[in-house]
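Chains here go by letter, A, B, C and D, matching the order in which they are written, and residues are numbered from 1 within each.
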Amino acid sequence: MNIKQYIAARAAKELKDSDIVNLGIGIPTLVADFIPSDVQVFLHSENGILGVGPTPDPEHIDQDLVNAGKMPVTVLNGSSYFDSASSFAMIRGGHVSVSILGVLQIDAKGRIANWAVPGKSVLGVGGAMDLLEGSKKVIVTTMHTTNKGESKIVKELTYPITSERAVDLIITDLAVFTVKEDGLHLIELAPGISLEEAQQKTDAPFHIAGSFKKGKEVTA
Amino acid sequence: MNIKQYIAARAAKELKDSDIVNLGIGIPTLVADFIPSDVQVFLHSENGILGVGPTPDPEHIDQDLVNAGKMPVTVLNGSSYFDSASSFAMIRGGHVSVSILGVLQIDAKGRIANWAVPGKSVLGVGGAMDLLEGSKKVIVTTMHTTNKGESKIVKELTYPITSERAVDLIITDLAVFTVKEDGLHLIELAPGISLEEAQQKTDAPFHIAGSFKKGKEVTA
Amino acid sequence: MLGFFISERLYPTKVYGEEGKRMSKLITCEEAVKMIKSGSRIMVGGFGLVGAPLSLIAALAQSEVKDLEIISNNLGEPGKGLGVLVRQKQVKKAIGSYFTSNPEVVQSYQNQEMEVELLPQGTMSEAIRAGGAGLGGFYTPVSVGTKIAENKEERTIAGKKYVFQEPLKANFALVKANKADQLGNLIYNKSARNFNPMMATAADVVIAEVDEVVEVGQISPEEIITPHLYIDFIVLKGGN
Amino acid sequence: MLGFFISERLYPTKVYGEEGKRMSKLITCEEAVKMIKSGSRIMVGGFGLVGAPLSLIAALAQSEVKDLEIISNNLGEPGKGLGVLVRQKQVKKAIGSYFTSNPEVVQSYQNQEMEVELLPQGTMSEAIRAGGAGLGGFYTPVSVGTKIAENKEERTIAGKKYVFQEPLKANFALVKANKADQLGNLIYNKSARNFNPMMATAADVVIAEVDEVVEVGQISPEEIITPHLYIDFIVLKGGN
């Protein structure tokens, strides 16, 4: 298991039976591979599918069946198709239980930037704002730092914000944070990661949950 | 042919091939019986049907298949069903070619009242306002006067208005009027009806079209 | 009628293999109605009695709940459908488009036993859709300049007059469908579809009364009108 | 899959007996494109290339029309789909949600050869629906407080912030469906449905590219997604 798979596997543990789940591009897509076998979730894709299945073998690719990342998929028994307006009505109306999204930055209040980069032409937003606004629960999965080693968890966003709505849970290769009214709460460290390392690599201030334990899942 | 059938038959002559037509309750419903055999129209019912067919024989009644008047109907080949929001999206969005409606009153500008009676509790509006607002063309079919002999075509409405939108054509047992910017234009008299009688039974002022001819269809 | 490719080879038995587990949405009318407290706001599908969840309504009529706020196009007929709730004075307020067809509604209203809010049918169906779709409201040209719009915000957009309509939501939606699969995917029969698909999106708890429950996979993904994520509970028509 | 009762006994041959007459909506791609003038505003269905009317787009690329305003979720890929029109500088402005996947769009934009208006995908699809449904606009909570909402009206409704979105309409809509019957009733295939059903409602002239035209009655009334009243013309994929 590589580090991105580790993050995805950790995120998968958050899913409950019967959840309607939307997975973003990148690490979130990997989550599907780690859903426990006793948990049945239904994957929603904003281009108009409920009940997305695994990637098909090359000989079973249907060009009319792709996910929101435009990659070929299959559907499971019990799936349905709908138009884009209906799909986003589901999202915006609060009918998606959990969205798992990638990010560029997260601020100290748990708000994220994940759609645009300063100084570059902003020519794409897609469904990011809708998913963040409408999903009942939002989980962010991300590497803790950029390729250059800069913290992605920052005091204030320098990238354009995606929504005023804060996310609920942040899962990185180093740690897990919940988001509350008063900001970020560290609830978990990845195996082998020290509190000091997490603190050093996190620009934003955060609380440390009372029930926090190293390398173990804890309930905040 | 009774007088209501006469009015309906006259209205049916206004329909063109491929028209999407919504028929109100009362005289408008009768129009379906008089559509010329070389004209194919598609009947829309606001409870969610395009392609309404004739009334079924008693043994073919399907309790899940009624028109907007809650009467059993059939559907023709090529018909479709949709939900109420979609049905009214069609109406409001201008996708219905012609609505034929009954009225209580019509004013000198061609605006109508057909949903409420003063002094009575107003507990029903249904789809009347939507149809009047959204249909590309609105034809009114009505008896020229009330049971008490009062003109239904009045200077000013005393009944609550249904929409600020004027109708396009008024067909009564006595005459036919088109509605223009400057008000009503008499374009036709029913067989055996004199101009004097029409004038006497019409409270609202009206113009007399130049091409007007007694008892004959004319183009204004 | 449409063929569709289901990757059963790829997901063999895990998901739907456990018989019965996915039937957990199926409850009795009595269980359904027990969730509903007096004072609840309830959407009820149907155009008149067509497409109305008559078994759920009958169970509601058997219950003690009162002070209900009903959102429904009509209020049944005297002693039929929602008309029973009116007769039994269980309805405090009704929001709909056409109540005139039930004279007992007129009487209750005149006796001040019941409040009534009237919306044009298109505005009502769109407001329910907006409620389910997370919108804050919309502008419709329908009813501008009429009594219906008297207390509503009017706005001119691109030269045309519109009135503002807020979304409608409810605590419960009681809808009627033809078939449900065991997950809760729904299809409707003919003109019995009417308000049901929108109402299924716009309430906290959505209960679907159906003629028949079929196995998952018996309804093609292309045909499904209400995806199962909208449905919390299923009851069988006529049944316990 | 669903049975349905058609009263053929009652309406025997009159309506659909005249072979050919009801095929009048069927035209060639060339005929379709000839209607489109430079400067037109055109909605084009599809999510990327999936569900995009590629034959109509190819015909448009063969034509001399330019200064087009395109409403589409994406602008194809470099040299594919709408990407061809971008490369040939036929597009003056694009309204959509995600153009980043075509680097040539970024380049055209930076060279000021093309304007771009960006909408969140849900706001865009809802605005098209509103255009077809005769609404004056709606309030969505999506994009509040972001760059996208900078010049938009913000309004608090029931304690929550929303931005106002106007409806989108167009001169033409080019949509892609799987099957049309001879009247123009449409069904779509899997996730190729996407924006097509809304776009089919929101333009003055709607042209549907389809894989197949079937006899009237071959598609059940329950299955039809786009009723024929929305469709002006039909072209066959790949062909004249």
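FYI, a residue touches a chain if its C-beta (ideal position, glycine included) is under 8 Å from a C-beta of that chain, and two chains touch if they have at least 3 such contacts.
These are the chains along with the protein names UniProt gives them: A, B = 3-oxoacid CoA-transferase subunit B.
Given the structure is predicted, the values throughout are model-derived calculations rather than measurements.
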Farthest chain (mean CA position) relative to chain B: A
Contact-richer chain pair [A-D vs A-C]: A-D
Centroid spacing, where centroids are CA-atom means, of chain A and chain C in whole angstrom: 33
Chain centre separation (chain A, chain B; CA means) in Å: 56
In chain A, residues with contacts to at least two other chains: 62, 65, 75, 81-82, 88-89, 91-92, 133-134
Contacts with 2+ other chains: residues of chain D: 4, 126, 129, 133-135, 140-141, 188-190, 221-222
Contact graph of the chains (line, ring, star, complete, other): other
Listing of all chain pairs that touch each other, if any do: A-C, A-D, B-C, B-D, C-D
Footprint of chain B on chain C - complex, ascending: 47-48, 50-51, 73, 97-101, 105-106, 109-110, 116, 118-123, 125-126, 128-129, 140-148, 161, 178, 188-198, 225
Residue ranges of chain B in contact with chain C within the complex: 45-49, 62-67, 70, 75, 81-85, 87-89, 91-92, 116, 121-130, 133-134, 160-164
Chain B-touching residues of chain D, taken from the complex the two chains share: 4-8, 10-11, 14-16, 129, 131-135, 181, 183, 185, 201-202, 216-217, 221-222, 224, 227-230
Footprint of chain C on chain D - complex, ascending: 1-2, 4, 126, 130, 133-141, 155, 157-158, 160, 162, 166, 187-190, 219-223
Parts of chain A lying in touch with chain C, wherever the complex brings them together: 20, 37, 40, 42, 44, 50-51, 53-54, 56, 60, 62, 65, 74-82, 88-96, 133-134
